[in-house]
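Chain lettering (A, B, C and D) follows the sequence in which the chains are written, and residue indices restart at 1 in each chain.
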């Protein structure tokens, strides 16, 4: 098997010209697309409809070119979009393709991709044990499909789970179901948290008897160092994409990751770039930066209102949501090091990397 | 003469506990305070009243301790506050003191500070030749007071000019005066631009015959590499603070600056840190970072909607002002390098540094 | 001919369940749809993609049901969506259908609808004479199609024109074209203004020799009392919908309009309701309110920062755009009188109704 | 005793020119000021510092004129400011004065004012029984001071309680105290709710055995129809102002109130105006509107996301807080009826009026 990764810029959330051209040129076989991850123009909060808009446009494009309905594409291919391109960040999407017929490359490990879906989740499942366990099972399924045997070879697990509006939450209540909170934005946080604990459970980062709903948004020592979770109103299951390394795959790409300790942790970003043979001194030179195929970052505003002993104001701001603040800040630091602004930077890193920090995963072309 | 610089954190815009304590301990003689620069909690736009609030509180404190009315303090001491501590940035203020009786240190140059004020400016002066010329004269006056002879020894010129609300602009119109624009936010931009050209004129960065109102917000090749201009409703003149180096001053502090070429220019930030003997690799170690006494940054969203070939969305955002975006982004990059979040980062860098970029000035303790 | 008007609520900008059901029940023949107007969830500013999202979803639905491509539906049917449902306002869309075979009803006038399009407009046409004149011609064409002979019988003209992002404006500049402004949000205002003057020219509200680009955003005494103009990135021509009364049409619906003098002008809203046989005392009773089929409102924040002698703050707010403020305010007043929150309320009323005010048009079932 | 009420417009949050002039003219004796209530320019959320800024400026003015320190003024006089003048609303403040020596007017009841304070409240008291009970005791104390015997004669109880930032909440946690929530904005809501239940308890609107912390933000059938509660970081006790009617007071003013049933309840606003002899048909004529001395409104976004069967979007909005939406909407409705925009409109009506609604109180000159 052989994985490839293509990144396209996005003029607006309906702009699928990049993938269209790649298909028309023969660079991408639409039948081999297994997942899409991207950053869209919206606010990344509950009322962000740019995620669904791009999902619709891309799934219709792929469906058209494959001669199948868009709905059936969406059942098979996760489209994981996170809104919010604050500051220097640039809207874009990353298309993952898999050629199942390519030969393994022998000793060298290459990028491996696997995809899976949980059953449908209702508002009352979000943040609860059912979401933790369903996510863990789907992660194991995706690893198996990717031929990744050791959790150590998993470098990035993207989860996209459902968000619900007041409408849905009220309807669930009327149907006798109990949600962990009635606040739509807060429910998104519970969902990200439970899903991350599900990843940690699957990968053994957390013993099963600690991956419990009682830990959700409470025990922040419990986390996965490779989980990245987004939520959006446009999906109703947890969609799972596992990216790692395997000798059963071939191809020009590799992946690595690092935890981010706090919002100023430029050192881990630089170290990760060096792990992959890049030379950030302090910035990856433009010629080298072309080796970067995709970058995924999770981050969050530190809960105690401080960063390295000084106050930040992100948690008290009534005008700009804390997620928009932190994406803009950490996104800029990573962009400055990598010399690249088309980064997937997602806020809300509950149980995704160390508390107050997050994580970064990079897919790059192997050095020759 | 001898200059000193003290930085205090700010819990809220009325929190003057830091300076109060320093005065009570005898660390600062209130009679020697010549200027204050800081970042407050507001949005940094027209309706930001946190700047005026802190000005009131600090001027009353200084007045109380000196036994003079707050108003007379404000006439002598510029209080330059810029709102907006997006992302990792931390609210704070920097107090400049001058001891006129200290002996010069001989060969070595030390931090030198000079202050001046323009006459009162009306809404119809903003963005026009009168603001350019009045600013240029005041800069020269401040240099003279600072004993700085060569423009090459000027490393930072902070200007705080007036902003006007719709109220004021309408009143000016009714009085027969013509403003360059009726939009209060846009008028702030014109004022910053004209003031920056005034600094450039004073320092010879721009020939006098090019420092014209016709260049304002038009000829972006014309700029000052040391001017930092803010505007706010709480002042009605241009207040000028010149910071540079002079052999007639002594003391433990030095200053340097660099232009910032664009929003990803981490290289210039790192180089400036190295110029001053710090070791950013990629981050200044915490122990070294204690040498930093103040950092001043100007930045702006690139006018063509691109950064190094990729789109940004700052100029199209109807929810978050472009200045809030860019302060959060560039502020984070500088904070990550300097290992310090109490930075004065100000947006709206019209004619302040290269177009699409800005500048950074650092005051640090000299190496021993 | 016979016009009908159907209003559907909108759970999210892709929710076309209302029209789908109406088509499936046989209540609406998709081939008879001539126009759609609605309010979507976005901010109503440049970066509002909910308008395009709903346009895509609805045009695909209609195309599917008619067996033609969505693109060809969009060329024939204006989809005019305005973002921003602040305060009590409710997202919804209104579908206009025309049965060309229905007999005229004789003496009584009934609702008449006509549609037309201008040629393509570039960023450099916006706010200029070409947009004024092209709009005027299209309005006359739409009146003719609607069989409305007297301008007095025109009660509402909806125009949707193009908005452009920084991207487009820069590209136009590079191609040697000059835009009236480089600010995307401001360009939207110029476009609304010129289009409104085009409507006024077509209807004789303004002599041709005063409907000039020199009047755009300058002479606010020049206005149309029936023009409602929105702009959005999802169109590149001015789409025109003329609604009025004609004896050549039959059906159960009628339309009327009133100018709104300022943001507190509840009297005109109440008077209009009375004109149409409703009893607002002060609120239209729920049973009567069911006669309301659609309501269209334009409004704007008064330019001098005052309303009836007291200051408002809408023009100085850096956190919430003035259009969002005024839509929420005037929308609530109209909603309270009409007992109906599914109102099309659009900000930016340049030359649309009296300066500082706007207009309201109501389509209701005739009294029996 | 005799109460008077003076309303002043506010150019910016430091503008005390209105009261200054009234004192200088002899219209107001600064020694007789017992309370000030107003609306300032901020966002009305946690990071709104305009409330504290105006409090500082006004208390200094009053202190100066009385020859006492501002701090001692603030201990005796509640300064209750709510941020947020969305839409048509106009920043202003209302000064209450009491002349203790005026004779009672006999049979006719007149406006009566009483003031009291609770002990200091810590973050861990907010939303809990201690806040309910301390508020109830202070309300009874204020009624006694106002000489109001029957709860039926109480028409408005304004409470201003403390808000806390993340800083404070973390500090409380470190000190071993438990707060009901760690979210600063949510803690404001708990505080408003508990304080309102305290008012309901004091006035017998709720039996003591139901005015329990278990009802806070849970049992929304429990409410006070006269309580209006705001919270802000600038106070650390609950400040109570009781306004009602009493025969032991004389003077030209009277007060009345009505519950507001939901966000469209223009009927109750109109009815209240009629109760007081005004003629809203639909708008109070300008000449009559001059009788209005102050208007106080509480309102909130309906919790189920609906208003009269149609969706609203206020609870899902990540860009504009729900309180800003609802203040702008309900404020506009009240302003349109009363022909007056200088209204105190405050969001967050937890247990203040019917769920999803709120209340309105009006102080007007008696009819002659």
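Here is the rule we use: contacts are C-beta pairs under 8 Å (C-beta built on N, C-alpha and C of every residue); 3 or more make two chains touch, one makes a residue touch a chain.
Since this is a predicted model, take the numbers as computed values, not measurements.
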Handout entry: Partner chains shared by chain C and chain D (touch criterion as defined above)
Key = A, B
Handout entry: Centre-to-centre distance between chain C and chain B (centres being mean Cα positions), rounded to whole Å
Key = 46
Fill in the blank from the handout: Between the Cα centroids of chain B and chain D the separation in whole angstrom comes to 40
Fill in the blank from the handout: Expected list for chain A, residues touching two or more other chains, is 11, 41, 43, 47, 165, 167, 311, 313, 319
Problem - Pairwise touch network: line, ring, star, complete, or other - result: complete
Practice task
Would you mind writing out the residues of chain A in touch with chain B in their complex?
Solution key: 9, 11, 41, 43, 85-92, 263-267, 270, 280, 282-283, 286, 307-308, 310-314, 319-320, 324-326, 328-333, 335-337, 339-342
Handout entry: Interface residues, chain B side, partner chain C - complex
Key = 43-48, 165-167, 170, 182, 184-185, 303-305, 311, 313, 315-319, 321
Fill in the blank from the handout: Given the complex, residues on chain A that touch chain C span 11-14, 41-42, 47, 49-50, 52-53, 56-57, 165, 167, 233, 319
